[in-house]
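Scrolling down, you'll hit the structures one after another.
Here come two complexes built around subunit A, the first alongside subunit B, the second alongside subunit C.
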Partner chain A sequence: MPWKPILRQLWLPALVFAVLLVATAGSTSFYFPPLTDVLATLWRELLHGGLVSDLWFSLRNILLGLALATVVGTGAGLAIGEVRTLRLATGPLLDFARATPTVGFVPVIILTLGIGSGPKIFLIFLGSVWPILLNTISGVRAIGPAVYETSRGYRIPWPLRLRRVILPGALPQILAGIRVALSIAVVLMVVSEIYGSPVGLGNFILQSGSSFHVAETWAGTILIGIVGYGLSVLLLLVEHRLLGWYHERAPRVRSPRPVRAAPSEIEESNGVVV
Partner chain B sequence: MAKVRLLQLGALVVVLVLWAAIAAMGVVSSTALPGPRAVAGAFGGLFGSEAFWQAVGETLRGAVTGLLCAIAVGIPLGLLTGVYTAAEESSRLLMEILRSFPVIALLPVFLLVLGSTPGMKATVVFIACVFPVLLQAQYGARSVCQAVHETVRGYRIPRLLRLRRVVLPAAAPSIMTGLRLAATTSVLVAIGVEVLTTLPGIGHMIMESQQAGASARAYAYIFTAGGIGYTITLLAQFAEHRLLRWRPPAHQDEE
Partner chain C sequence: MTRGSSLYVEDLCMAFGQGPQEHRVLDGLSLRVDPGEAVCVVGPSGAGKTTLLRCLAGLARPTSGQVRYGELPLIEPHDDIAVVSQDYRGSLLPWMRVWDNVAFPLQGRGVKKAVRKSRALECLEAVGLQDVGDKYPWQLSGGMQQRVAIARGLAYDAPVLLMDEPFGSVDAQSRFDLEDLTLRLRRQLGITVVVVTHDIDEAVYLGDRVIVLGGRPTAVLETLTVPLGTDRDQLSTRADPRFAELRTRVLALIRGEKLPTGPEVAHQ
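Up next is the complex of A and B:
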């Protein structure tokens, strides 16, 4: 019976969609055009307007920034997580860096480095590197001491240990970090493009909003939502692919208490950080 | 403990020296990255000025208003959906979609509909904060273990009593986490809104300073924002510690 749970999860979103559709159907309100109009506008802009190039620009910035943040964050996180002195020394600094809002850097970076795509990628990197870094550190620390001692006791050389023990052990947390970073990346994409950009989705909604093309504004906003959700679903698929072993074995190997959603994991994944 | 503090101080000094070296070498222009001395100087000027405290006040007002609304809405809704499995299942997909939505992208729409007002700022903060609070409350309410559930049902404990004495305490640790996340988020979102609009506040001052070429002042404002976020985290950790003393520690930290 795989249909029943799907139906149970689907009826409310479907209902909300239907209610919105009906409620705005004959809408003459300037600010809330009929949903059908908005969707038609979205379709038209994607097919004939320049929205595809905006979408491409935004997507590329997100992916490049996020890739850079993943490489740097994981690398530094593995090092800091492994070396106790480094971890103790950098703790407060990292907390402070995480608490500092990257949106504050948007005017500084864009006004000095220009409105091209480089500064935006840098901003996205700057914002999304912290959750990945911090989660990698806690992932390395969460590896069971028995595993750790064993790999040490057998004198497994460190490159091998890094590749076969530490990296897989920390992978669930690293991916949780990337998931948080993704939502930050989307937000920074939008902010940096609203602040100053000739192209991009953020620029699209700003331009159409300030010239009172309300249907276009809503269409762009919805598209950004789709991009955000689509990317997170994509990441979830990758996660299932990479972590099949973890989810499958989790209940048997670990303690009988429900530990599947580790507190630190859920704690980091509020997808709304700016 | 003292050794750890020394280490942390050392790390801070290393970062400051590196920063000063990069700024002095002129790899990046001084408007993009002013030296630490210039920023410290800017801080000195700011603390005496009235505009600084006004900006901090404006940002905090928007953040706190939105946050309080988010708490008032998020905790009851989260507990309810957490207790009733049917409610949780039906709302799961909707929640997933809504919370992955970048709230700041609503800004152009809000600017159209609500205009550039402090109320708009609080609304954006509210939307951004309600989801962490709600989801953590829901997660906490679901963490009540099966045996307790059965017992409550067996003794036919009335619904309200059950919510107050069983579900709420069980969810409290998780709710505290949600509050901490939401509190930091609220300040960040408020600043994000200010950067993009003409509303007064820290974000606006960053933009204004940078446009006036006073990048040291802009950095001082950014660090002020970081300091506020850091303070909130510390306060929340302290509160968590005090309020949840009855709970066995989840994991022992070294040190």
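Up next is the complex of A and C:
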């Protein structure tokens, strides 16, 4: 068993947990109850309270919103990346959309679409589609000219080219886009439930907070963190499965061509605006 | 056992840009390659060799003049013509296994997977690569990757194989092996081979004819016939006085000099 690498990664989280546990033990502060109390509350709420239905509501919204954003963002991104006319026409619009914080749409969406599950999924979709779309476009653009020349020279029909050349070629950046989208989606999931919603994790922490159930508020907040972390771990697993070739390649061949837009740049520029 | 048709290049001109910025690369180039022939196009770098090859492959359209395959004007890539590019690293797809890369053009033709795979493995064996079908291209050395690219050209089963500086970025030893591989495949399969290169020795070693490009803009300076037969090997062929004579002549043509009278100078 490779214990060493696991230990090397886990010692700090374990230490932080232990410090928190010790530091808050026997705490009499109203706002910072002992961590054990918070965890016990979390457990109790999950087993007996309504927290499971809140969790399920939130999870369903974020997954549907992200799935929709992935399908639309990747599809449109492939088309825009491939077709010059589309790229030129959509350029200014995309820059505008990228620079507009999605949170600003919350009141409008609630006003026009109401407070059910639909508007929340739409909001999550709206916020997370941009990084996926923009990353897909730049992923397609970054595919080397030799690859295009080859598939043209061997007369690969376009549906096959799209499926086996363009999509896998852009996949590393598409997944980087989804990773950025995920963090935006978690924020929007919570925000959308804080504004006018009878259920969901956002509503749970809002309700507990405004009625001074401090342990419950902390428990809900921790649960949101766990949801976000769990989803990103899931995404990492998917990425590892899909991008084996990309990560295993020797470093000297990792960028055989000049990279036009480094994925990290895009991540940052999108990550800031929520 | 030759297949396919002749390639004709007639009065080919290629210019980039327009108006006063127009940069004329190729000017009034004409040549002909017959089925089963091995022709090397040699010229200094920047002479538009790759442009010429892209026109032959139907990947680029000439500004004027035309390229024909038999009677057919080549305005787009043709099923009978396979291209092996210099940039093997860029042209092999890193997300496909080696066999899949070789078989990919056949998938475009709708060939079933099992047939595709066995054909791919067959072609890999023909270029001396057994047991690497399930690896990824980036797990192989440069020379091996270029073999994979050649195998892909073979799997395409085209009578005409165009090669653009095919061995420019592999080590010297692999380069000799790949040159011999090209000669052998061409003998065995009766395919037409057009190799574009800046390496004069390679051009003389591989070609039945050597077409020397030069000048600005580029035109055909001369076409030389290589009287060395089809059975060549690295040691005796390169030691042949006729080989030395030819390479000296090509070098002189490219440099625009008269034939040297003193001891011959290495070209690199």
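Methods note: the second predicted complex is superposed on the first by the 249 of 274 C-alpha atoms of A that agree within 3 Å, B and C clash if a C-alpha of one lies under 4 Å from a C-alpha of the other, contacts with A are read in each partner's own complex, and residues count from 1 in each chain.
Note that in this section a contact is a pair of C-beta atoms (placed from the backbone, for glycine too) under 8 Å apart; a residue touches a chain by one contact, two chains touch by 3 or more.
Just so it is clear, the model here is predicted, and its values are computed rather than measured.
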Side-by-side fit of subunit B and subunit C on subunit A, or clash: fit
Where the C-alpha centre of subunit A sits as vertex, the angle toward subunit B and subunit C in the overlay (nearest 10 degrees): 90
Touching partner for A:L234 - first (subunit B), second (subunit C), both, neither: neither
First, second, both or neither for A:S183, with subunit B first and subunit C second: first
Which of subunit B and subunit C A:V71 touches, first, second, both or neither: neither
Partner chain(s) touched by A:P145 [first = subunit B, second = subunit C, both, neither]: second
Which superposed partner A:G153 touches (first subunit B, second subunit C, both, neither): second
Subunit B versus subunit C as contact partner of A:A23, first or second or both or neither: neither
Touched partner set for A:V165, first subunit B, second subunit C, both or neither: second
Shortest CA-CA distance between subunit B and subunit C [superposed frame, angstrom]: 15
On subunit A, the residue positions that both subunit B and subunit C contact, one per complex: none
Residues of subunit A defined as touching subunit C within the complex: 144-147, 149-150, 152-157, 160, 164-165, 168-169, 171, 245-246, 248-250, 253, 256-257
Subunit A residues touching subunit B - in the complex, by the definition given at the top: 5, 8-13, 16, 31, 84-85, 88-93, 95-97, 99-101, 103-109, 111-113, 183, 186-187, 190-191, 194-195, 201-202, 205-206, 208-210, 212, 214, 217-218, 220-221, 224-225, 228-229, 232, 258, 261, 263, 266-267, 270-274
Residue ranges of subunit C touching subunit A (in the complex, touch as defined): 57, 59, 77, 79, 82-83, 85, 87, 89-91, 93-96, 104-105, 107-108, 136, 138, 152, 156
Residues on subunit B engaged by subunit A in the complex (per definition of touch): 4, 7-8, 10-12, 15, 29, 31-32, 86, 89-94, 96-97, 99-109, 111-113, 128-129, 131-132, 135-136, 139, 143, 174, 177-178, 181-182, 184-185, 187-189, 191-192, 195-196, 202-203, 206-207, 210-211, 215, 218-219, 221-223, 225-230, 232-233, 250, 254-255
